[in-house]
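In what follows, chain A forms one complex with chain B and a second complex with chain C.
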Partner chain A sequence: MLFTSYGFIAFIAILFVVYYIVPKKWQWPLLLMASGVFYWIADPRYLIFIFVTSLSAWGCGVLMARINDGQALYLKEHADTVTKDEKKALKAKNKKRKWHILLACLILNIGILAVTKYTDFVIDNINNAFHSGLHKVDLIIPMGISFYTFQTMSYIIDAYRGTVTPERNPFKLALFTSFFPQLVQGPINRYGDLSKTLYEPHRFSEKVFSMGLMRILWGYFKKVVVADRMITAVTMLVSDTDTYTGAYVFVAMFFYAFELYCDFTGGIDITIGIAQALGITMKENFNLPYFSKDIKEYWNRWHISMGSWFTDYIFYPLSVSPRMLKLSKWSREHLGKVIGKRVTVYLAAFIVWFTTGLWHGAAWNFIVWGLMNFVVIMISQELAPLYSKFHKKFGFKGKSWYTVFEIIRTIFLMSLIRMFDCYRNVPMTFKMVGTMFTRFRLKIFTDGSLLKLGLTKYDYIVLAVALIVILSVSIFKYNRGEVRTKLYEKPWLWYGAMSALFIVIIVFGAYGIGYDSTQFIYNQF
Partner chain B sequence: MEELMDILTELHPDVDYDTCTTLVDDRIIDSFDIISIISEVAARLDVQIPAEEIIPENFNSAKSLWELIERLENE
Partner chain C sequence: MTKKRAFIIVFYLVLTVAVLWFVQRLVMPKYQYGIVEGAMAAEYYEADEPHEVIFVGDCEVYEAISPVTLYEEYGISSYIRGSAQQLVWQSYYLLEDALRYETPKVVVFNVLALKYDEPQSETYNRMTIDGMRLSPSKIGIIEESMTPDEKMIEYIFPILRYHSRWSELDQDDWDYLWDRDRVTHNGYYMRVDIKPEAEFPEPPLLTDYSLGDNAMYWLGRMADLCAENDIELVLIKSPIKFPFWYDQWDQQVSAFARSRGLTYINFIDARDDMGLDMTRDTYDAGLHLNLTGAEKFARYLGAILDESYDLTDYREVPEVAAEWEDICEAYHAMAAAQYQELIEYGYLRNWGSAAVEMGRP
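After this line comes the complex of A and B, so read on.
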């Protein structure tokens, strides 16, 4: 069931009504049922996978809780007699037991993710390397498996670390795993954040509900007015690689940057908006990513839940593991302090970016995309002292024109790296990007070529106005905060804006004969 | 504490670690810096900071970081 289908809109409309009518204690079970229905409609077989993930995480969490309880009880009962060393030994023993439980849970769930998503990729590579004729298995890939697996694994790791209390109610944990708005394309919520409001009873609040509704409308505006309008042109540009070279690649690069932004942030707006209308708070997944001044800042603002997941659960544990610290010590002693202190950080960052690429898809273009990010981050890290000297000498840093330059530079760089996502073929991407420099002809911008990409003059006007609106809202947010909060202060403005947005979506949405709204780009990840 | 101050100053000489309490929140130090600090602390102070302790509250100031080190030493 697509977010943009009439069926889905009817589904959430009914849910909103029933949610606020039923007794408050039935609200979260109702969400669990709704999530089950949502997933069942997508494909009943998916339910088996999410059930296994949820049940295993619940079981492992309960086992860890029992160990914690047993330890607490023992230390309480023997408070007067237990020595510091005995206490330490008991904690170490229990930590080891919990580690084994965690490991079993991770192996099972990451195993399911790996088998369903990457088996054909491995077979492909074996066939290419050894010229063997292994047949692809073509397993079903449950919708959102990358998202809900990572989300559930964050829960069990946090339970192991003791930063969250394990959930004893299997149905509550099942809701955390399967809450339907996040299943399509994330965000990857943390149990410690989402559980604060997910299970609470919620009274209807006009403000909270209409804020959520406005957010949903804003998301639909970005998805159906902009992203769905651009998809034909982007698909055409990246599919016909003989015709669309040179300046067309440049056009594809920026079209895709705008399309992806509207598709992904629009989808997340709908997700967070639905949750908000239900009284549930989700953490933001974006913070004006195209206002970033460098690539590191970009990754702190784009797909925040994914970036922080990789940082918290791979980069940090890997970097501070005893083996890495040993390697750090060894490299300092043998390679000198300057190189030595970089070895472990760069090695961990390499692994993180390789994994990030692989998480996005079972294909080499995603892995190369991840590694390109790694390379750029490392280069900017190494050039940082040089930049610092440059800025001290010339004093450009902080000047508005220089900030604009930094923002444009980052957008260009990120859009360029993202071309690996567009062409889905590494050598082809390099070739096409190369033509941008060898076959760049400005003529296509003036001879009407851009009107042959499935976009009419009318479409370009709609897109230009939409770009201005989105940019204005973003600039307002950057300087003064959320537009929604300001609009809500004046009811006539609030309901006027909401009605206008609704009409714009109906009138300017990319509908028409043969219209078939597309799934969100991030749904495939 | 002096050793820790040396580690931090070597990383970012122009930061006033006596007063700054938003090292992570204001992105004065990033994830790479945090790993450098942890490696240095392990090498010079022989204290290993585990991953679960890498939270902004522990790294936002030199004082909170020192408190963390002392707590881990006493555990």
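After this line comes the complex of A and C, so read on.
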């Protein structure tokens, strides 16, 4: 069920009504049922996978809780007799037991993810490397498996770390894993955050509901009016690499940058909006990423839940792991302080970006995309002192024109790296980017060539107006905070904006026959 | 929630619905020139006179039979509920829809559509269905007619289908926003130009000459519907040779008619008897009849209907005759205008599928 399908809109409309009618204690079980239906409609077989993930996480969590309880009880009962060393030994023993449970859970779930998503990729690479003729297995890839696996793993790791209390109710945990709005494209929620409002009873509040509704409409506006309109041109530009070279690649790069932005942030707006309309709070996944002044800042603002997941569950644990510490010590001794201190940081960052790329897709273009991010971030980090000197000398930093320059530079850089995602082929991406510098013809911007990309002049007008609206809202948010919060105080404006947004989506949306109904780009991850 | 907020919500809800309703009217195709078939279904609801004969079918009825001739010659009050490539189930539901307003004595169904066993094209579906008023019949026709890409909701709220026409709007969309001109004469689509019948290619051999189960099922439903309402169902095959009407198909329809006690008349062999001259009575090389052809066929068919069924001579019913007077006047006026154009330009400038491209005065 696509977010943009009539079926889905009817589904959430019915859910909203039923959710606020049923007794409050039935609200979360209703959401679990709705999530099951949502997943079942997508493909009933998917349910098996998400059931295994939920059950294993719940089981492991309960086992850990029992160990914790047992330990607490033992220490309480033997408070007078147990020595400090015994206490330490008991804790170490239990930690090891919990570690084994965690490991089993991780292996099972990461294993499912790896097998379903990456088997064919591995077979492909074996065939290419050894010229063997292994057949692909073509396994089904459950919808949103990367998202819900990561989300569930964060729960079990947090339970192991003791930062969350394991959930005893298997159905509640199943809801955390399968809450349907987040299944399509995230965000990757943390149990500690989501559980605060997911299971709570919610009374209907006009403010909360209309805030959610506005967020949903804003998401549809970005997805249906902008992203799904732009995809026509992007598809044309990247599918005919003989014709669309040079300046066309430049156009494709920026079109894809804005298409992806509107597609992904639009989808997340819909997700968070649905949750909000149900009274459930999800953490933000974006914070004006295209206002970033450098790539590091960009990654703090784009797909925040994924970035923080990799930081919390891969980068930090890896950096402080005994082997890394050993390596750090060794490298400082043998390579000197300057290089030595960087070795482990770079290695951990390399692994993070490699896995980030791999998480996005079972293909080399995603891995190279991840590593390109790593390279650029490392280079900019190394050059930071130089930049600092430069800024000090010329006094550019902080000036508005320079800030704009930094923002444009970051957008350009990120869009350039994203070409690996766009063309989905590493050598082809290098070739096409190369033509941008060798065959750039400005003429295509004036001779009507852009009107032959499946977009009419009216489409360009709609896109221009829509992007100006999105930019204005973003600037407002950057300077003065959420537009929605301010607008809500003025009910005539608030409901007028909602009405206008709805009409604009209906009239100017790129949907229905004549348009390809397109899945969200991040749904494939 | 305060009363003020509640008022604002209601205000904007009403406003939103009103704006969308207006935009829907604006973006829906008007079918006033060129391909006018899309306007036919809606015109039925504007007819005030009663109809004792209702024709259902495709272009082999709405371009082949003149209801005005039936009235002028026999006093038969009739209406054609036809549209382009109207499939059997569409004829069924259009008839069912008509029965919500009146119960005719005779229903005449042209059997050519039996060759289609499944939904064919969204374009034709739209022309047949969009003009219908919302009713269970409309829901039924949509359900049966949708091709895989189509959605029920886009028929119920056509703005969801036509919204992208905002960039193609022209003066006609504004001119015909509220009122539309009638494009037919009780469902009859008039053309007076002439293009003699050409030689048709040999009929292609088929692997299976059976009429489809689905098509025959809906023919059966139509027979049942007529029986339930005490209506005589007459099956006809218009005197048009192309598209081919195979003997095998003819035999199956004959057998069906026999089994249900219905009348079935194939008029292809009666072309000479009715005086059809296909060098003059067709406007597109024999695919459809022109005005003279439609009048000849109507005269011939009218005689059969008049003899076989107890039909009222509405020329003698003043209030109905008054309605028909207007219909006949509009009919003859359009015929005169079309003939005048033929004399003036040598071709039809304001009528026919090329009318939009050619421009209007």
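Here is the rule we go by: the second predicted complex is superposed on the first by the 522 of 525 C-alpha atoms of A that agree within 3 Å, B and C clash if a C-alpha of one lies under 4 Å from a C-alpha of the other, contacts with A are read in each partner's own complex, and residues count from 1 in each chain.
By definition in this document, a contact is a pair of C-beta atoms (placed from the backbone, for glycine too) under 8 Å apart; a residue touches a chain by one contact, two chains touch by 3 or more.
Just so it is clear, the structure is predicted and the values come from calculations on it, not from any experiment.
K.L.:
Looking at the overlay on chain A, is there a clash between chain B and chain C, or do the two fit?
P.N.:
Chain B/chain C on chain A - fit side by side.
K.L.:
On the A-aligned overlay, A:Glu206 touches which partner chain: chain B = first, chain C = second, or both, or neither?
P.N.:
Second partner only, chain C.
K.L.:
Can A:Tyr458 be said to touch chain B (first), chain C (second), both, or neither?
P.N.:
second
K.L.:
Can A:Gly70 be said to touch chain B (first), chain C (second), both, or neither?
P.N.:
Neither partner.
K.L.:
Just checking: does A:Tyr495 make contact with chain B only, chain C only, both, or neither of them? Give me first, second, both or neither.
P.N.:
Second partner only.
K.L.:
Of the two partner chains, chain B (first) and chain C (second), which one does A:Ile503 touch, if any: first, second, both, or neither?
P.N.:
In the superposed model, A:Ile503 contacts chain C only, not chain B.
K.L.:
Touch test for A:Gly336: chain B only (first), chain C only (second), both, or neither?
P.N.:
neither
K.L.:
Counting only touches as set out at the top, which of chain B and chain C does A:Gly434 meet: first, second, both, neither?
P.N.:
neither
K.L.:
Just chain B (first), just chain C (second), both, or neither: which does A:Gly192 touch?
P.N.:
neither
K.L.:
By the touch definition at the top of the document, which applies to A:Gly481: first (chain B), second (chain C), both, or neither?
P.N.:
A:Gly481: touches no partner chain.
K.L.:
For the superposed model, what is the least distance in angstrom between any CA atom of chain B and any CA atom of chain C?
P.N.:
It comes out at 37 Å between the closest C-alpha atoms.
K.L.:
Of the residues on chain A, which ones does chain B touch that chain C also touches?
P.N.:
The answer is that chain A has no such residue.
K.L.:
Considering only the defined contacts, which chain A positions touch chain B in the complex?
P.N.:
Per the stated touch rule, the residues are 88, 161-163, 296-297, 300, 311-312, 315-317, 319-320, 322, 325, 328-329, 332, 341, 344-345, 348-349, 381.
K.L.:
In the complex, go through chain A and note every residue touching chain C.
P.N.:
Listed in rising order, the residues of chain A that touch chain C are 6, 206, 456, 458-459, 491-492, 495-496, 498-499, 502-503, 506-515.
K.L.:
For the complex, which residues does chain B have touching chain A?
P.N.:
Contacts found on chain B: 27, 30-32, 34-36, 38-40, 42-43, 48-52, 54, 75.
K.L.:
Within their complex, state which residues of chain C touch chain A.
P.N.:
Those in contact with chain A are residues 1, 4-5, 8-9, 11-13, 15-16, 19-20, 23, 27, 122, 149-151, 153-154, 159-161, 163-164, 166-167.
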